[in-house]
Structure formats: structure tokens, C-alpha cells
Amino acid sequence: MKKKLSFLERAAAVPHMVWAIMFIVAPLLFVAYFAFTDANGSFTLSNIELLSSYSHIFLVSICFSLVATFCCLLIGYPLAFVISRSKPSTQKLLTVLLMLPMWISLLIRTYSLMTLLDNGGLVNSLLTALGFEPVTMVGTGGAVILGMIYDFLPYMVLPIYTSMQKMDHRYLEAAADLGCNSFQTMFRVVLPLTAPGILSGITMVFVPSISTFYISQKLGGGNFDLIGDTIERQFKYPSTYHVGAALSLVMMILILISVAVMNRFSDQEGEMIV
Amino acid sequence: MKILSRTYMWLVFALLYAPILVLVVFSFNEGGSLSSYTGFSFRWYGELFRDSVALQSLKNSLFLAVGSATLATVIGTFAALGLDRMRNRYVKGAVNAVTNIPMMNPDIVTGVSMMLLFVALAGILNISDILGRWTMLIAHTTFSLPYVILSVLPRFRQFDKSLREAALDLGCTPAQSFFKVELPQILPGVISGFIMGFTLSLDDFVISHFVSSPDFQTLPLYIYNQTAHNVKYSMYALCTLIIVAILALLLLVNFAGGIGDRTKRRKEAVK
Amino acid sequence: MNNTLIKLRSIEKSFDGEQVLCGIDLDIHDKEFVTLLGPSGCGKTTTLRIIGGFETPDVGDVYFDGERINDLPPHKRQVNTVFQKYALFPHLNVYDNVAFGLRVQKVKEDEIQERVREMLTMTGLKGFESRRPATLSGGQQQRVAIARALINRPRVLLLDEPLGALDLKLRKDMQNELKRIQHATGITFIYVTHDQEEALSMSDTVVVMANGRIQQIGTPTDIYNEPVNAFVADFIGESNILDGVMLCDNKARFAAHTFDCVDGGFAKNEAVDVVIRPEDVDVVPVEKGMLSGTVSGVTFKGDYYEIIVDVCGFKWMIETSDYVAPEQKIGLYIEPDAIHIMKKSEYSGKFGDYSTFSEEMDHLSDPDTEASENEEETLLS
């Protein structure tokens, strides 16, 4: 009786394993399959070779995402610090405020930002009312980056905030005791101790930024093709599935490698924390 | 210094909320403009409720959210049980690694990969339009699964194994001890897993975009299609309603004891 | 030894409306080993944190070397702290932890190397340079914390229950170690503890605190032999504390008997507290005793017996090397110099009768409540 049960218990993961093979592993194999075949199903490298013509798109995407990630870090780190230093009751409210945008659909947030920045939008109406020339914002690279920052900032702040909250405040006192002023405390103690949070924040902003297509469609006004847009367009018609698959494959590998590298860092940091 | 940092914080929050607030305010705008507010009215809400496509999308979204969350919770809870009892480290590691793939992969790759699977299946099975309700259900269940497992598995790990022995000692059969002692302790994790799955499904756009068809729309897909062209102002009303619903849910969840921190889970998963 | 280094003047401090310190006056001399001793919540940690600069007093002044330093931030004070749970930086190894203060001061790297090596040798940490704090034992972490503070050559070292997390054997070793280091460096130590034995064996001066007030300041022998009130008498070692009346100089009446004693200077017939240490009472045959009573409990303590004797309803605790059977009638004899007379205080009548078997003692010296109390104190900041 007991044996049978413990066997059943261990077998409980089987449905999930079957599901994972069918709907996680198999789809990825299909991506690889499509990337290396042509419309007739025969093996070819032409899809991969074709990617070189997309190299500038990769470059632009990577640049935009890097800038957006860096800005998020620059804005988010002090914000996380201020939140973590406020009263516990206020902190709870502030984290809810921070999480609320994360739960509101990205579409709605991006779209609302666009309506604000649009030529006939509120910002330009304000500028005109104040006697300035209206500024075209939607359709510029700056707007796309701004959209990324706006959409993903909370994803940077939250993990950093969590790691700051976990940090024992005695370390701050110890640093002050040993002669650090606030800046020295920041760079010698707080920054290294919150490194895991920073790394996970960077991952959580960079990955969706580099793969987005809605932000660039709306705020870029179609002037900026990012990897996401390019992939999305390939899957509108069956004839270009193969190129799309090749693009996806490359992007996935790039991202998985960078995430793995980041994790190496954050694992080491993690050991230090423990 | 303190005043400076406070100002900075509220400034960032203000910028974070400004676009959303503008959207909410203008959803009550009498006229159809985003630059001038001409008067308070529920006009766009009325129009929204007469929009049968929007209502159908809402129904579809709810069907999907409930269906995929239930499916993911059942499969995921059993999977967590199995993973907790499993002794082979390598199998365990492999299952964990595969489970986490949808969490680490960009959504667009997950969506594309599933679409290719379905398209290829359609070719093999000779079905003309495979994409729709059922492919959506499969996709949503798949990306919810890791979150469910991640919220249930720690509960199994934290469960004090001596409690089970105590139950056996007091005369429970192994099955009784599981249902009477272990399950109640796991339950909060199961519930928060379900809520995670539910909200993720409601919120998902990117993956749905690839595995759905025009005749099975969810709310995010409806919003996407609306914003692709000239926007009907009832969209603002819809967005406002969604924001209000999320706010209510978030408050509820927070008061119910801090379930559902998406980032934390994602972060743990990435590790 | 005699120049005053730190002066606290009528310090008051409250957290969330709860007064933690009320009117602390304290002088600390150069090269002195001072211990702040008291039960949980007595304000000793807060006093230390005020000296360290982590708290500012609501009322009162802190002077360092004659200068008022109330508003001087911690990093500008010539004071270093060994924190309660060490607070070693987890992202740095032992060497970098110890070198931390010098690096902040931008000392040259080769001088740092020399001083760190010297410090690690003194604290017995040679060979641990590249270890992370988390991989060290409690005692080793303790040494790193001390080395990290001392390397900055502070005028004063503050130690907040530094041995609280160590087991008994290690505590004894570290007590000697700390004394040795203090002698070797000649730095003023201010030491916070709730352990009276630790305080008596290590300090030049003991400051006994309770309820946010200083009860007594003195050498360990003074504190033990001449407690000023019932609280001190009870907190430092075991005591029998009785109500008495001072008939005149050198004559005290208590337990329905008039005793010769060596105290004086009280008003005629003034009500007083009388303290008699358990080891100062001699057990004699009934007919030779000044008092007589029935043995109600005997506990073997290794090198002595602890017996509880009921004398007309008041239970005395007595330490004796000879076995006495329970229910036996015995006489008690007390030498005049074993009788200590104290003025009545707010603590009178709260301690000293062993009929309750001193629950309050257990509570006061419970290290766990102490630790969590300090936790709270620091959290409040």
C-alpha cells in the first residue's frame, strides 16, 4: 500500500513532463526545424545567411534596449533606495503603487503614453498653450526608448528594492562607524550588496525591451524596425515563417546566453549574500 | 536631502501614472478629443457596452483565464508533488530547466514557437484552421505552468516531514495523511498559483497574438486591433474599466496576505 | 587614567513616546574598561548607540574630549563599534573587511597591508585572510569584528554584547582575550552586557542600569559588596534582602533580632533594606544561632549546597559546604561585616525573598529576552 502510494506520488509529475515535452520542447524544435528548412521542407542554410541583411536591425534593437535598460537603472536605483528607506507602512503603499502598472496591460500603458505624446496630444497642447512650438515626438527613436523606460521601469525597481530590503541596516551603521560618509557607504557597501537585485533588474528590463514590437509600432510610428517587429512581420504570411524562425532562434540564443552569463554573476553574488 | 529624495520619488511616480490618469480622465470626456476636455459624460461607456465584439472578447478572456488557470493549477500542483518526491537529481534538474524556459524566453519566441507547432500539426493532421480557442487554451496553460509550480513547490519543501509521520503514527493511512495534513498546508500556494495563472492569462497579449485567430479574440487582442487603426474612444472606457478591475484585485490580494508578486517569482525562476 | 574622555550629561531619549533613558550622567575615563550592565530594556544599548552616534539624545549633551558631539555623525567620531551580530560585510573577505576603514581613509595600500597583518596576528586570525565571513565560526567572526574596529586606532571601542552569540567555553576564552587586547592597545572599552559575571570579571568600572536610569557606578568589588539598593543587590549575585530598622549606628534590627553591623550614618529608627549574601551566612547548631529555621530545600551545586531555610516565613538562601537534610532545624550565624545596609528605594520589597524562588531573577538574566529586546531597540531607530 505504502509502496504503491509513493510510486503514485513520484509519478505525479508525469502529466506535466508530457505536457512540457509537447508544448515547450517540441515548439522549440519546430523553430529550429523551420529555421533550417525551406518551403519544401528540405534542409537549407539560406534563412540563416539571410540574417546578415538584418544585422542593422539587431544593432538598433540592442542599442535601444541597452540605453533603455541603463536609463531604468539610473532612474530606478535611487527610487528603490528611497522607497526602502521610508517608513514600513509607507513602503507597503509604495510597493503597491509600483506593482500596479505592472499589472496594467502593456498595451494600455504604451497606448496611453502615445496619446499623451502625440502631435495633438496633451503635452503638445500644453506646449502650444504656453507659447512654444509643438514638438513631434511620436515617431522618433527617443519616444521608443522613452516607451521602453516607461513600460519596464517597475521591473527594474522591484528586484532592487527587494534586495535592499533584505540588506541588514547594521551594515550601513557599520560602514558609518568605520568612517564612510553617505556616498562612500553607497558605493562600498550598498551597491555591492544589492548587485544581485541589479542584475535581475537588468535582465527583466533588457529581455522584454529587445523583443518588443508594440512599443516600436506605436511610439516609433513605424519608423523604427526592431527585432520584435521584424519577427512579428515574418509570421503574417506562411512564406516567410522560415526566416522568422531563424530570426527567433538567433534572438533566443543571444538572450539565453546573456541571461546565463548574468546568472553566473548573480550566483556568485548570491553566495556572498548567504 | 530627505526632501530632495522624497520629491524625486513622487516625481517618478507622478510620471509613471500621468499617462494612465490622463487616459482615465479622458474616458469621461464628452467630446472625442484627447487634447481638450469638453465635459463629463458616460457616453463612451455606453458605446462600449453596445459593442458586441468587445463583450465577446471579455467572455473569451474570462473563459481562457479560468480554463487555463484551472488546468495549469491541476497539472502544476501534481508536478510540484512529483518534483518534491523525486529522488533522481538529474531528472529533477531537467524538468526544472524545461519548466522555466517559457519564463526566461521572450514572450515573442514562446508565441512564435507554439504557432509553428500548431501550424505544423495542422499540416500533418490536414486541418485548415487550427488556431483559435483550443490553441489559446494550450498556450495559456503552458506559460502559466511554471508560475504555478514555483508557488506550490516551496510549500512542499517547507512542509515538515515529521508532521506526516505524526499523522501516520496517529493512525492515518498514507493517503489520509496526505489529504488531512499535507494538502491543507500546500493550499495557499495552490491558490496563489491559480491567481497568478488567472491574471497572467488575462494580461497576455504577445503569445496570444501568434496562436489566435480573428474569430477568437481576447480583450488584449481586441485592444491591439483597436489601437492599430483609428481609435474609437470607447477604448478609453474599456482601459479605465480594466485598470479599475486590476486595482480592486491588487488591493484584495494585498489585503489577503501578499500573494502574487510577479517579479519575485520571475526572479526566483531566473535563478 | 584620570582624564575624562567621554561625558554624558542628563541624557534623555524616548522611542515612540516610550522613555528609554531618563537623565543619564556618566563620565568615562581614558584607557578605562567600562561595562554597562543591566537587564533587557534598561537602556544600555541605547546609551552605547548615543556614544557611537547612531542615535541623538532628545535632551542632554554628549562630550568627547571636552567637545560637544551631539550632532557629529558616526563616521566623524573617533569611536568604533563591535556590533552585536558583528555586521561583517558579506561581500568582502576577512582581509577586505579589516582593511575597510583604512581604505575609506585612503591610507596607502602598503601601509594597509602591514597594519592588517599586524591586526590579524594580534587577533589570531592569520591564514584566514581570503575567507568569507559566512564560512567562519562565531568566535572567528567575533575576532574579525574586533580587528576591523581596532585597526582604525579609535580612542574608544564600543562593544555591544559581543559575546552574546558564543557558547560558554568560548565566552570565557574571549573574555580573557578582550582584556588582553585592551591592555595591549590601551584603548578605552565601553562594553554592554546583561551578564553580571562577565561584567564583574572584566571591568575596571561597572555601571548598573535599570529602567533607563543608572543605579550604581563603581568597581566590581564595590558593586558586589556595597550595593546601593535592592535592585543592584539582587541583580549582581544572589542576595537575601530583608526589611530592617536602623536602631543607631552599628545596630540594625531585622528578622525579629538585633544585629551588630558596621554601617552607620542613618537616622535613628530609619527603615532600611538589609542585604546578606548567601555565602556569608554560617550554618550552626540551633542553640548557637542568632536565628533558627527549618530547611525546606537542598540543591547540590557541585562545590557547595544551596539550601533554602524558612525563618518565621521568610525564606533565606544559604550556600554551605556541609550537607544539611531537608526538614532539619538549624541555626544561622551572621558576622557583622556581612550585613549590608541600604537606603529604601523604589525597588524595596521586590526582591530577596526566596519563597517565590525569584522568578524575577530568571526573567532578568534571560539572555533570549535580552537579545530580542536589543533587536527592538535597534529596529526602532
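We call the chains A, B and C, going by the order they appear; numbering starts again at 1 in every chain.
By definition in this document, a residue touches a chain if its C-beta (ideal position, glycine included) is under 8 Å from a C-beta of that chain, and two chains touch if they have at least 3 such contacts.
This one's a predicted model, so the numbers in the text were calculated from it and none came from an experiment.
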item	value
Chain pair whose interface holds the most contacting C-beta pairs	A-B
Chain separated most widely from chain A, comparing mean CA positions	C
Inter-centroid spacing, chain B versus chain A (mean Cα positions, whole Å)	17
Distance from the mean Cα position of chain C to that of chain B, given in whole angstrom	58
In the complex with chain C, residue positions of chain A that touch it	168-171, 173-181, 184, 188-189, 192-193, 195, 269, 271-274
Residues on chain B engaged by chain A in the complex (per definition of touch)	5-6, 8-9, 12-13, 15-20, 22-23, 26, 33-36, 75-76, 78-79, 81-83, 85-87, 95, 98-99, 101-102, 104-110, 112-117, 119-120, 138-139, 141-142, 145, 149, 173-175, 178, 199, 203, 205, 209-210, 220, 223-224, 227, 235, 239, 242-243, 246-247, 249-251, 254, 261-264, 266-267, 270-271
Complex contact set, residues of chain C against chain A	52-54, 73-75, 79-81, 83-85, 87-92, 100-101, 103-105, 132, 134, 148-149, 152, 378
Chain A to chain B touching residues, read off their complex	1-2, 5-6, 9-17, 19-21, 23-28, 30-31, 33-34, 75, 78-79, 81-83, 85, 92, 94, 96-97, 99-109, 111-113, 115-116, 118, 120-122, 124-125, 150, 153-155, 158-159, 162, 200, 203-204, 207-208, 210-211, 213-214, 218, 228, 231-232, 235, 238, 241, 244-245, 248, 251-252, 255-256, 259, 263, 266-267, 270
